[in-house]
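Below is the structure I would like to discuss, written out as structure tokens.
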Amino acid sequence: MLEEVIHDQCGIFSVFNNNEAADLTYFGLYALQHRGQESAGIVTSDEGKFHLHKGMGEVSEVFGDKSNLKRLSGKMAVGHTRYSTSGASSIINIQPFIITNRNEQLALAHNGNLTNAYELRQKLDAAGSIFQTTSDSEIILHLIARSKKKTRIERISSALKTVKGAYSLVFLTENSLIATRDPNGFKPLCIGKLDDSYFVTSETCALDIIGAEYVRDVEPGELIEINEKGITSHFPHPKSLIKPSFCIFEFIYFARPDSRIFGENVDKVRRRLGRQLAKEHPVDADIVIGIPDSANTATLGYSEESGIRFEIGLIRNHYVGRTFIDPRQKIRDLDVKVKFNPVKGVIEGKRVIIVDDSIVRGTTCKKLVKLVRDAGAKEVHFRVSSPPIISPCFFGIDMPTTDELIGANHSVEEIEKMLGVDSLRYLSLEGMVSMPSLPNKTFCSGCFTGKYPLKTPLGNGNKRLTKI
Amino acid sequence: MLEEVIHDQCGIFSVFNNNEAADLTYFGLYALQHRGQESAGIVTSDEGKFHLHKGMGEVSEVFGDKSNLKRLSGKMAVGHTRYSTSGASSIINIQPFIITNRNEQLALAHNGNLTNAYELRQKLDAAGSIFQTTSDSEIILHLIARSKKKTRIERISSALKTVKGAYSLVFLTENSLIATRDPNGFKPLCIGKLDDSYFVTSETCALDIIGAEYVRDVEPGELIEINEKGITSHFPHPKSLIKPSFCIFEFIYFARPDSRIFGENVDKVRRRLGRQLAKEHPVDADIVIGIPDSANTATLGYSEESGIRFEIGLIRNHYVGRTFIDPRQKIRDLDVKVKFNPVKGVIEGKRVIIVDDSIVRGTTCKKLVKLVRDAGAKEVHFRVSSPPIISPCFFGIDMPTTDELIGANHSVEEIEKMLGVDSLRYLSLEGMVSMPSLPNKTFCSGCFTGKYPLKTPLGNGNKRLTKI
Amino acid sequence: MLEEVIHDQCGIFSVFNNNEAADLTYFGLYALQHRGQESAGIVTSDEGKFHLHKGMGEVSEVFGDKSNLKRLSGKMAVGHTRYSTSGASSIINIQPFIITNRNEQLALAHNGNLTNAYELRQKLDAAGSIFQTTSDSEIILHLIARSKKKTRIERISSALKTVKGAYSLVFLTENSLIATRDPNGFKPLCIGKLDDSYFVTSETCALDIIGAEYVRDVEPGELIEINEKGITSHFPHPKSLIKPSFCIFEFIYFARPDSRIFGENVDKVRRRLGRQLAKEHPVDADIVIGIPDSANTATLGYSEESGIRFEIGLIRNHYVGRTFIDPRQKIRDLDVKVKFNPVKGVIEGKRVIIVDDSIVRGTTCKKLVKLVRDAGAKEVHFRVSSPPIISPCFFGIDMPTTDELIGANHSVEEIEKMLGVDSLRYLSLEGMVSMPSLPNKTFCSGCFTGKYPLKTPLGNGNKRLTKI
Amino acid sequence: MLEEVIHDQCGIFSVFNNNEAADLTYFGLYALQHRGQESAGIVTSDEGKFHLHKGMGEVSEVFGDKSNLKRLSGKMAVGHTRYSTSGASSIINIQPFIITNRNEQLALAHNGNLTNAYELRQKLDAAGSIFQTTSDSEIILHLIARSKKKTRIERISSALKTVKGAYSLVFLTENSLIATRDPNGFKPLCIGKLDDSYFVTSETCALDIIGAEYVRDVEPGELIEINEKGITSHFPHPKSLIKPSFCIFEFIYFARPDSRIFGENVDKVRRRLGRQLAKEHPVDADIVIGIPDSANTATLGYSEESGIRFEIGLIRNHYVGRTFIDPRQKIRDLDVKVKFNPVKGVIEGKRVIIVDDSIVRGTTCKKLVKLVRDAGAKEVHFRVSSPPIISPCFFGIDMPTTDELIGANHSVEEIEKMLGVDSLRYLSLEGMVSMPSLPNKTFCSGCFTGKYPLKTPLGNGNKRLTKI
């Protein structure tokens, strides 16, 4: 994606029974930073004692001082990495959260977004619950604390039946890991194994980095408990509610190409999207270049299918710091220039196809097209490996508002003109949803269609409780 | 390069006559961070008053707090970004350096390495000069301060005639920029222009980011002064000493592909290196993949020449923090895994050619080969777009010692076995030096041949004065 | 006090209706630092928006960066300064606390200690309340949040009727200050006025520094609300519970000599304690010296009554930093030496009376006596302006355990020997309690008698919830 | 002193042959902070290796993190504590300074001020010396580095013969301490001993805190070297130049009362100043109070001589942080109020004598008088235990300019009115200089007379090189 304005909100990694639980969680989170890199936290459980460290910044910054990891003793851990807007005030919202209730401690890491958060929070508040964060995830903890059920699993199940929306959750207790996915299974969550240790994490790439083996996904609607006796599986929800609606955008952009999610290799799906794009929208050109790094795989697919030469015409600058200063007026298109260096020798005099995975607001896109033209391109054809984004996400993706989505407000012809390209084509909805092996209806494509598998919050009520 | 163990030591950017001198320098340094990203500094000159800010870290960290840039008022600036070993003690060595002498201030930024630094420092010390840094660059300042010549240009010329080795230098004075390259011109340095403003910088990519136009290179042995009257050119050295010996490694690895140095487009030279490699060392295989990002261009060249399909089989993780913690024993090959993610879907079942630009110690290389094999490669053929590195550099590159250079201690056959590849081939010296358009002897290829254009320091004497 | 091992736990300052609310609170807290100087916090209320800044350290450190105070906009404020043990973990316990409940915000500052905190927390926890701190003060907030009463004053009153122990409290709401003292009135709390602004604070010295006028004390058991209509007074508790039990130790040591508390001038009471001490325990000597600064006033009283010359024989070093490093073995009595410099010229050859306000553990005392002897004193007579401390405090003073209290474990004769003095005498209980103008039984002297005005927590149960 | 606007510039502490050299230096500096508390530094020498730590702040802040002291290994040390104006730019001026010359390291700590600094710096600069600080002390190091003499002692002696003014210096070398005092001996410097260890320090109070024994003063004009052979004494200057001119202000205000300097007990001299003041300027009053803490001893002297009762009418607040925020308009006389609390109970209805050691600008003085009147004083009589200050110091005291000195610009009658006191009297010059046992002419009283023992720098030339 050219403009990084769409964010998944979190990555989760957790460990059961490993002497290096905190270290492995560190590396797991490290591998998951594409899912959120603005803050990170790890909680370990050491014979009933919880240890916590969290902070703003990339994983290697938050845990850069080795002494922090060393303090995190224990054989069980849960970690969370998260996208967040900047600002000191959001520090309280960094996960995992820990609570003490009935003399037991419980830590929570959450990926996804609840859709009835506002109503639940109002009710709990009226009943005297005191909230410490502005995160929807905290609601789950209050529901658990207030449940009168006897066992912890029952209390958690009871809370899960009350909340609605998207949640892949991992709880850490004093002697177990408890993990669950909402009945729609919007967000991925899988189980791994290494010797006698278990892991629950958002993507398989986090298992690969530590050399663990993929066991299986946590199923939509499933609640598992991992303790010294092994893995126990529960299904707290009525069967009628279980209806897989996997987030298609994970394949388009979020997930790492070397991960396997929803039962499929991300790289392979992404390449098929590129091939399909070439089939649907061929064009006569000299070279095809991708927006690095996210569109590279789809671009190779396009090149293979079309037979047009793949080139590296844009180099990405990876030194973009978090605190990059504002572009000044005098330096035109600076925000694009600091991210992408066009290679004149490659582009000059060529008819160029640029492939990207999606277009969000289109503003950066326009600048990049100009950069490519300035480098001497004779023609510029833009191809997008997904349909136009026309509607917001209520299930865990942070997106600009509908007003800002170029695809929601303009026809393809209009956008073509706005970007200043010789042609612009999007992949069809049909084309997109038929690329994964699973059937079409197994996916949530709400952001491309405006049709969602669950009731969404009315108006902007939900805005009061954000995960970000 | 797979292992980032070879470092150029610095990037320089300077501005004459621009109201946003500090901001432009910031962006210039930002574009030069591939030349050294561990520390950065900027000095501005504002009507005779100098302002300085420097610190450890990437450019966006050192200058992330906008107030720092704001303080740097003035229409002239010089900035420096530098590779350095970690450790607080090295903070004193961050450039630019400023001195006050005869009530005039002078700031200095230096790229390169002096070869008679040790002897000069001994002499100056015996005469009562007090050194504040352990950098060889400070010697130049002491020589200038002690010169009895009348004008500043004369004093600087006098100092330059005393030092030997590699130096691309920019001085900032109260009303001018003074820039020079050693008579061999080891390191690049060029002049740019934007409206009424001038710039002197290491690579043209720093001109591109601010939209300035490339004017010409500072010539080997040339000393230029830029002041309100324009550019004046001087040649302080005897003609007999001027003998271009451009660093070939700038083309192989250091310079950014979108830069133009030594009169040539880096991307084009690098692609020719890949084509030549394919001509010299073809092999039957299914796909060719490069070590991202530095070997990408040569890999495309190899693919074009050989007709073997280019693939993205390795994805680079760009979240590697400066303070990455030590790999633990349990996590095998962790240092490679945190940097590179092999894409199983691409590699599995294939005969794979891996292209890299150079091999230094070979240790990471070996681990990467294993990673690729573990991802299912049927065969692994390694191709290197330069000859074996067999000797250290004395002119501005920080390299491991000869003992650590695998090419200095083992035959190609031995290395082939050590890496565990099906075949290993290096580009020939002949092949390499004939890829740029300039004649063979215009380059210093000392690290590949052990033969240098200048006398090198005896023994380890020079080790006492490092730029790092 | 020679050893600063007894601490009151907090100072409170609050403002209603002043454009410089945060600044005045800063100065108010500054004047109250003798009540607790390890952390500080201020909350302001600006048209319904709350702003908070708090941190570890002295007031001038926490708010040293002016931008922090500037951010605290609004015409109402409450501030808290607090004694705390060191350690990052206690940062969460820094007051004021803020909660949001039923869309209203509420900030709380508390001086004192609840005696039924443990039982209440157990109950609330079982009912699903989630605690964020380990402070007893948070219990009050949960009780308010859970109250079903309609108005805020009713909800607060309901909570106050549930808690037991010592509490001088100030709440900040969006449009009012609410302040209360427990029915025993253990801790001081008074009202001040300056033009149209009101203040509620622990001691009058905080009114003096900002030039405000003392209006009256908040009465034991009284609950006042200050809003735009003025001050409204409530008495939520049954009359039978209201039984003044002012902390006598405030007169002995805590309160600042220039303050007026419990209706009396501290300096005058303290001087009377010194005079009474001289009457009860005269001794033939050349000079009388006090432990600076706390015993100075009593020492002058002793000197006046006895006619023995007052001298400055000990100078206090005020550079003792928070992070003073551990004394090494080689430097004997270092902890006393870094605090007190004996003046040889004053002490040498003299029979010396040392006056202190209390003896807690006696260890530092012993070292000081040695220092005075080493400086040449011929005789050393120790006089204490309070009785032996024999029992802990449950109402807001942080004291060593009974095991550590020298007065609880040894007779005066034994202590005399342990300290190595020629004579040691304590003021009688009778003598002490008759020095204030109010009758004897108006005070809590529990630490000197072991008899308390309220039931104290059994065993160490209460230890689980500390204010510190 | 009421207004702390006069500052001595430094305290020095050094150690030879002690395993806890850095720790002892820490405590020595701690005891010397009244001589300068804004920055501190320690250098140790460990078998030829120097270790340095320095920073802005009080000693306990700079060395608060124990790891800093731990790093400072070695049996020899020199430390410096210094008054400085705020601002990051002055960090480079924090002593001790270290240089490397002829492969030997040398650290320097300096108390005093050179009077020919400007001329010397001009000369050295013209000869090519590069200065890194704006401190006059650095000149001494350049002179040593440039000396052609063979031994280090000869090189140092040669440098000392070139500089003029006030200097108590300690050099640390790889195997010795070298200490010296200028021929006038303006500033104190003494030698101490503990077992086999030697110490050289500014005041004896630094010996007392570590339990070391006072041996003797370093004599005016003497240069001593302490190494494994013991103490060697040198006299590099011609005898004619040696002319003791001890700073009388050390007795009036700077030195700690428990120190012994210039052969005399500070406390005793200070008390005699108070007695003499009472003799010269008696007045009928009820009580006499001193400005705490510096005027306490003189006040007791006044009380004894006059028979008027000594009282503690002003309490000093010791929480004044370094970063105290600006007083706002609304809070009148805030700067005095945050420092001094008048005790109403003591002052009300009384005729009060206030004793201070000196008056500098008089502005704070006036506010304090108002505070005392507001507390109810019937009469206020001001007595000063030194004559009016009429002239700046060129030998190591930082003073306001002559324009700001109230005594230089107004008669006593005028000042009396300006302060709003019933009477104001200063001690006579005669009275002051006859209080120490040494004869009158042994002292420099330049700030009271405008007559100095050495030629002072013309105009403001010297301002360019400050120690501050």
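Think of it as A, B, C and D in the order they're written, each chain with its own count starting at 1.
By our rule, a residue touches a chain if its C-beta (ideal position, glycine included) is under 8 Å from a C-beta of that chain, and two chains touch if they have at least 3 such contacts.
Just so we're clear, the structure is a prediction, and the values are computed from it rather than from any experiment.
> Please identify each chain that touches chain A as well as chain C.
Shared contacts of chain A and chain C: no chain.
> Can you name the chains that touch chain A as well as chain D?
Touches both chain A and chain D: B, C.
> Is it true that over half of the residue numbers where chain C touches chain D are used by both copies, so same, or is it different?
Same: most residue numbers at the chain C-chain D interface appear in both copies.
> How many Å are there between the centre of chain B and the centre of chain C, using C-alpha atoms for each centre?
The mean C-alpha positions of chain B and chain C differ by 63 Å.
> Measure off the straight-line distance from the CA centroid of chain A to the CA centroid of chain B, and report it in whole Å.
That pair's centroid distance is 37 Å.
> Nearest whole angstrom, what separates the Cα centre of chain B from the Cα centre of chain D?
That pair's centroid distance is 52 Å.
> Give the residues of chain D touching no fewer than two other chains, as numbers and ranges.
There are none in chain D.
> If we use the touch criterion from the header, which chain pairs count as touching?
So, checking each combination of chains, I get A-B, A-C, B-D, C-D as the touching pairs.
> So in the complex, which bits of chain A are touching chain B?
Per the touch definition, chain A meets chain B at residues 20, 23-24, 26-27, 30-31, 33, 37, 58-61, 63-66, 69, 205, 208-211, 256-258, 265, 267-268, 271, 293, 296-297, 300, 304, 309-312, 315-326, 328, 330-332, 334, 337-338, 341-346.
> Looking at the complex, which residues from chain A come into contact with chain C?
Those in contact with chain C are residues 99-103, 125-132, 141-142, 145-147.
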